[in-house]
Amino acid sequence: MGKTRLEAFSDGVIAIIITIMVLELKVPEGANWKELQQLVPVFMSYLLSFIYIAIYWNNHHHLLHLVKHLSAGIMWSNFNLLFWLSLIPFATGWMGENHFEPLPVALYAVLMNLCGIAYTILQKTIEACHRDDVRLKEIMARQQRKGIMSLLIYTIAVAMAYVSTLISGLLFVTVAAMWLIPDKKIERLVGKDS
Amino acid sequence: MGKTRLEAFSDGVIAIIITIMVLELKVPEGANWKELQQLVPVFMSYLLSFIYIAIYWNNHHHLLHLVKHLSAGIMWSNFNLLFWLSLIPFATGWMGENHFEPLPVALYAVLMNLCGIAYTILQKTIEACHRDDVRLKEIMARQQRKGIMSLLIYTIAVAMAYVSTLISGLLFVTVAAMWLIPDKKIERLVGKDS
Amino acid sequence: MGKTRLEAFSDGVIAIIITIMVLELKVPEGANWKELQQLVPVFMSYLLSFIYIAIYWNNHHHLLHLVKHLSAGIMWSNFNLLFWLSLIPFATGWMGENHFEPLPVALYAVLMNLCGIAYTILQKTIEACHRDDVRLKEIMARQQRKGIMSLLIYTIAVAMAYVSTLISGLLFVTVAAMWLIPDKKIERLVGKDS
Amino acid sequence: MGKTRLEAFSDGVIAIIITIMVLELKVPEGANWKELQQLVPVFMSYLLSFIYIAIYWNNHHHLLHLVKHLSAGIMWSNFNLLFWLSLIPFATGWMGENHFEPLPVALYAVLMNLCGIAYTILQKTIEACHRDDVRLKEIMARQQRKGIMSLLIYTIAVAMAYVSTLISGLLFVTVAAMWLIPDKKIERLVGKDS
């Protein structure tokens, strides 16, 4: 019961985050190609963040599916994650509107790191409440390996932003690809009851 | 379980898309008729997109109703659809604020095509997961005929935008009407358990 | 099943409408009393519309509770209602920002009429699908009397806007009060299974 | 049934409130540190309000969990609470953008008081409908003690805004901390069936 409402609330917040982000794609005054071309970086950053948030929703969905009993800790770790996710539209807009300049790209990478850390905290809190669930532990272990790799790549992307923002951008795409390619083992483990 | 949450999330995103679109109807400074008249094209484009999104919601609703088991493919095809739908407020605002000039009208038609293709991909992905469901196949077949016709009409509307945006507009209305007129056969097929 | 999703979708749209309306309360530049005082009309119009939308949600909630089988007609009548409701933030903002000048007040009254008519159409459509439900008919009859009175008062408010917007304002409050005062008879009829 | 929809609607509104607040974090034009630094007060006020709304959601969640039968009174007390909560993004933005000047800080404290009072009214209304539920009474009594203390502290914060806004800020943090520290007794009382 409580879990259903937590899921529903999180879904609501994530749905709003993913959608208000598009408001940064401001309708241009003129009706010509040049105005549209100037929006390309904003569009690219929107696309990237859309995929990231979709991945978060997807993982969050599987993660909460495993929860059997809620605790205040899980509730607040979840809010912590939602807080950092809610800053993505801002970071996305700043990066896009400034055509991927170093500082906004670095900030984006820092925020992605903070989101990743918040997600790891949520995972650890859930794990601590479900010590006896073997399947959950296996799934977690696999996800956490991916999580740590993502954090490492984001950290490199922060530094790279001052060398070449293109490299940072490619690193962002790499992380997204890493999560998008389905992990057969997790699917098998999760799929048993979803 | 997983399906319910996917439906709820999609509904959330679609509800937000349909509603933030109205934010393009910017409150005018003055309180006279002239200011209100200038909003007529924005209003017309809002009305058109509202109907389109309502049709998408309606079809999406029936489509997901048929799903029996979720897969990563269905999840991501659904996100793909939501992504293109999320661009409708932008395209709508651009078309309305520029009083239906050729380029924005053409872009709107292109976006509608992309949404339609994304919907078709989602249909095909669901079909691939439910090969043995005869009723689903019949419903799909009928919907796909409509879908292909819509794509054709949108493609004509792109070209027509540079001849006469009025014709493009009428083509948009035609597609909407085609989907609004209830398909008795589908209703009978779907109605059995909804 | 289908009904639950229709309710959830409507709730989502109404929740967004009621909340984005507050975005018209634009954060003023300065930090003094004068800036705050200028927002009083916007605040008043927000309060009025908040109450109206809350009443609509409440009635909509009871109305859909009575629905036993969905039809395409109910689906589209519901979208029709949501469309007119979605224009309330615009009309509210225009009325508030122009400090209750005649034209915006008249437009607000016209919109309220359109919302009321859309609600009546939804009622009639539901009635047509549930001809054999006696209790539903009784509840509907009572609500429709209130509905017709509301439409009459709104129509007077349109005309009054050009005489005295204060009178129109009082008429708006009157309608709200009429719906807020609980109707014991309906409560008894509805209460049996909610 | 009715309760589920009331919860869902409230969750929707709260999710939107917590998320549109981030829109006050306006994307700056330039891509340098100075622009980012100027956003620090807006960010701080966002963080504070995010925590407050999360606490409200959390308490609201527990409160409605105890409700067994809905009444018109509960419905409207709930709308009253949502109305005041919906003003938080405005007050937050005004406080942040004016770098915590006295008047906006005082207004924020007044609004927090109004939200607290609205919550207390909702509690009392629920209590009045569930006179025979002993466990509910115990939980309520504990929460109301905290509630009254919060109202007192907010009232002091209003006055303190004209002495030192730092003190008001610390008082806000104090209230948040008071609610964040889990109340073991309530958890035990609530935990039995959630």
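Going by the order they are written in, the chains are A, B, C and D; count residues from 1 in each one.
The rule is short, and it goes like this: contacts are C-beta pairs under 8 Å (C-beta built on N, C-alpha and C of every residue); 3 or more make two chains touch, one makes a residue touch a chain.
The model shown is predicted, which means the values in this text are computed figures rather than measured ones.
Distance between subunit C and subunit D, defined via averaged C-alpha coordinates, is recorded as 27 Å.
Averaging C-alpha coordinates per chain places the centre of subunit A 38 Å away from that of subunit C. Of all residues in subunit B, those touching 2 or more other chains are 8, 12, 16, 20, 23, listed in ascending order.
Taken as a graph of touching chains, this assembly is arranged as a ring, one closed cycle with exactly two partners per chain. Touching pairs of chains, sorted by label, consist of A-B, A-D, B-C, C-D. In the complex of the two chains, the subunit D residues touching subunit A come out as 7-8, 11-12, 14-16, 18-20, 22-23, 25, 27-33, 36, 47, 50, 54, 57-58, 61, 65, 180, 182, 187, 194.
Within the complex formed with subunit B, the residues of subunit C that make contact are 1-2, 5, 8-9, 12-13, 16-17, 20, 23-24, 70, 72, 75-76, 79, 82-83, 86-87, 89-90, 93-94, 97-98, 101-104, 107.
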